[in-house]
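Each chain carries a letter (A, B and C) given by its place in the written order, and its residues are counted from 1.
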Amino acid sequence: MEMTTQIRQLPAQAREGTGRRTAPRRSFAAGRTGRMALGAGTVVAVMAVWEVLARSGAFPPGSIPPASAVLAEFIGQLGTLGFWEALWNTVSVALLGLLLIVVVASPLALLIGLVRPVQESVWFVLEFLKPIPPVALIPLGLLLWGPSPGMKLFLIVMGAIWPLLTQLIYGIREINGVGAEMARSYRLGRWLTVSRLVVPSVLPFALTGLRISASIAVIVAVVTEMIGGAAGLGQNIVVAQSAGALAEMYALILAAGLLGLAINAGFRGLAKPLLFWHPSIRQEGTL
Amino acid sequence: MSTFPSTRSRGGIRLILLRAWLPAGLVAAWWLASASSTSLYFPPLQTILETLGADWAGPSFAGHLLPSIGKFLAGFLIAAVAGIFLGLVIGMYPALRAAVEPIVQFLRSLPPPVLLPVGLLVFGIGASMNIAIIAFGAVWPTLLNTIDGVRSLDPQLTEMTRSYRLTRAQKIRWVILPNASPQIFAGLRTTLQMAIILIVVSEMVASTNGIGYYVLNSQQTFAVPQTWAGTLVLGALGYLANLVFIRIEGYVLRWQAGLLAITGSGA
Amino acid sequence: MTARQWSATLAALLVLVLASGCGVGRGSAVELGPGAQIKVGVIPVADFAPIYIAAEEGYFADEGLNVKTQVMQNAAAIAPSVINGQLQFGTAAVPPFLGAVQKGLPLKAVANGTSIAADPAKDPSALVAGPGNGITRPKDLEGRTVAVNALSSIVHVTAAAAVKADGGDPAKVTFVAMPFPDMLPALARGAVDAASLVEPFHARSVAEGARVIAHPYSKVLQPNGTFTVVFTAQPFIETNPGIVEKFARAVDRASVEAARNPQKVGAVLAKYGKLPPEVFARIRVPMYSDKLDTSALASTGELMRGLGFLPGSVDVESAVWK
């Protein structure tokens, strides 16, 4: 499921968050409407608590505005052109970064997954690069590309490539074993091998990795805009912050969170038609 | 990427060479390419390493590295324990899961720096704020993986626990946790990686020490060799933390596998 | 290809990337043709309103310049982009600018942003003490925690200087960095003992009854001296002297206009800085001036050196254009 990076003992399927339901339950929570109602109820409850806390003065003055003010500002933002421009700047570069990640990660994963010496060779370098935060690379990005989409792309690739890369390597390792032997012994042609063996085995892993990488790409994009000064939601957050426009700042933060949520849901939706045959999709389920 | 093939047949030296040539080659290439560099932002590697030695073997070790390691360990452990515990509870009750899903997905999607004002408000200034930011930002992979691990329990196992009349605690201890552990560890590893990154984010605001503070402060004062040196220390810290984690994971999973074999619940 | 060949290709690629990274840094020397887009990195604070006024009122267009503003957070983010020619001009307060010059970055101030008002009643900065902690003057901050917006920023330098000017030891004060909006809640909560604020947060803190114990800018900086600057990279000046000339002239013109017409400042701050007009009406507007004052740069440099913010002295003359 989420962020699955290490899968050893489980059978060959992407550990997507869509596992089997244990038993058909006739409870309220099992129905689609029921689940949605419960989720919506919690959201309303959290908002209500936030509103009461803010109104009762539990937060120091000028710290966190009430939920209603933030919500009103959020709706107001939806009507402004600047908001949609910023959103587009964030989303377009995040998706472009994702494309670049696919282009970089796929051949790299093939090499690492299929060629043992390559895996051994690059392991140290990759494990060393992984924990370096995109924030620390901002000066380097600024120097090379300035406060531009190019810098954002660089940092997105450096920060968000890891989930897809790791998932792909797992997917490729799986075909490398028994399946490859079988394909060889049945003398399947190249096309048959690819379409019947490679794609079906790798696709679930690829989609999980892609979805996680996408969420991280959006987060890195926003953070880069906040600190590095490229146009987008993050930059609007910083401008609102320096003017002390707190309701607007929290409305934009709300938008950033919802954007991540939407991207996640979008990639989940994408997985469904592509993986209709896969057990994880056939058995309906979400989270 | 961590599961090394055993070194049984080939001999250790060849393997060491195989693993070392690329890092060594990159360092050598960096050294040569930057040796005569006059660019302010790309100082010679020699300068960076000298800074690294002077700062990190000296005052910064106790002044910045140890506090950061402390915050990182505390944040990671809190994230791990909270993630597994909450994941168990949420995974076992579908109604609860449906109720918290939107909130969990939303919080997970927030860029970590926006948590800073709230962290400051609730925890004030000091290590507790940093730890809270690390724990809150890094808990999600463990939480979500645990939920999923619990949820995807084999129906036959659920039937079995019912027929054996296990108590809830026994069920968690002997059935759920062992079966979900590979997924829990997969989540923990991502949590670990995020915790390292979050050290820097958490030290962006209101800190007086730490490796993130060092990197960000040197960045703002145009102390470029220090910025590079700090980044290298972060990479090394992440690498070592991962190495230790893999050892612990291997140990626990082997032990769990043994356990499964004994109780037969893994069948 | 064998595994070995693959690995060799991969390594060659990595080396290539690394080597190309080392070749950057001369981008600002590129000569720009007429009509080429000129990008300015602007920190979203009231001090740089003249840049927006020059854009809005067509002063740049009058000079034949096609200028685009780019909001950036601080000088540390702007400087590398200016050096590499991704931005042609940048904005900064004097301390980070001097810090960059002292470290050897080839930057030159080309125009004045704002200057320091001699009258404390016009000073947009304030050291504000938290409720009920008995702090009445900057010297009392010894042993206490004080919030500043960023370490080594103008706010930090002047707060430390104010403590020193009052007979205290700034080394005994713990300065922590946090964004301005977070300071007032942190004060109210007692997380910090004092905060060094600027507008619009100064006006808000006063409205909420905060105790102002000093106005650091007017207290420690040279009156009527340069406080913020517009800068570019030395190689850019060499290859594009005409553009620098025209740009500086347009900014100077806007600074004079800003000093004469505060309502134009309010208009651009509402449009670009998200500052509501009713808040603008209450704040102290910085002193806009076209006078780039080298002696003030030198005095701020000495102030920073004395407080340990600069490891060495700065050749101020070489850091200013013309």
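The rule is simple: contacts are C-beta pairs under 8 Å (C-beta built on N, C-alpha and C of every residue); 3 or more make two chains touch, one makes a residue touch a chain.
Chain labels with UniProt names: C = ABC transporter substrate-binding protein.
Quantities reported herein were computed from a predicted structural model and do not represent experimental measurements.
Shared contact partners of subunit B and subunit C, listed by label: A. Of all chains, C has its CA centroid at the greatest distance from the CA centroid of subunit B. The pair of chains sharing the greatest count of C-beta contacts is A-B.
Separating the CA-averaged centres of subunit A and subunit C is a span of 35 Å.
One finds 18 Å separating the Cα centroids of subunit A and subunit B. Those residues of subunit C in touch with two or more other chains are numbered 7, 21, 24-25, 76, 80, 83, 179, 181-182, 185, 189. Shared interface positions of subunit A, i.e. residues touching 2 or more other chains, are given as 59-60, 63, 116-117, 121-122, 138-140, 143, 226-227.
Counting only residues that touch two or more partner chains, subunit B has 22, 26, 41, 117, 121, 204, 219, 224. Contacts from subunit C toward subunit A in the complex involve residues 3-4, 6-7, 10, 21, 24-25, 39, 41, 44-45, 70-73, 76-78, 80-81, 83-87, 179-182, 184-185, 188-189, 200-201, 204, 208, 269, 272-276, 279. Residues 7, 11, 14-15, 18-19, 21-22, 24-25, 74, 76, 79-80, 83, 96, 99-100, 103-105, 145, 147, 150-152, 174, 176-179, 181-182, 185-186, 189-192 of subunit C touch subunit B in their complex.
Looking at the complex, you find that subunit B touches subunit C at residues 22, 25-26, 29-30, 33-34, 37, 39-42, 116-117, 120-121, 124-125, 204-208, 217, 219-224. Those residues of subunit A lying in contact with subunit C across their complex are 59-63, 111, 115-118, 121-122, 138-140, 142-148, 226-229, 231, 235, 238-246, 248-249. Residues 1-5, 15, 18-23, 26, 41, 94-95, 97-103, 105-114, 117-118, 121, 140-141, 144-145, 147-149, 151-153, 155, 158, 182-183, 185-187, 189-190, 193, 196-197, 200-201, 204, 215-216, 219, 224, 227, 230-231, 234-239, 241-242, 249, 253, 257 of subunit B are the ones that touch subunit A when the two sit in their complex.
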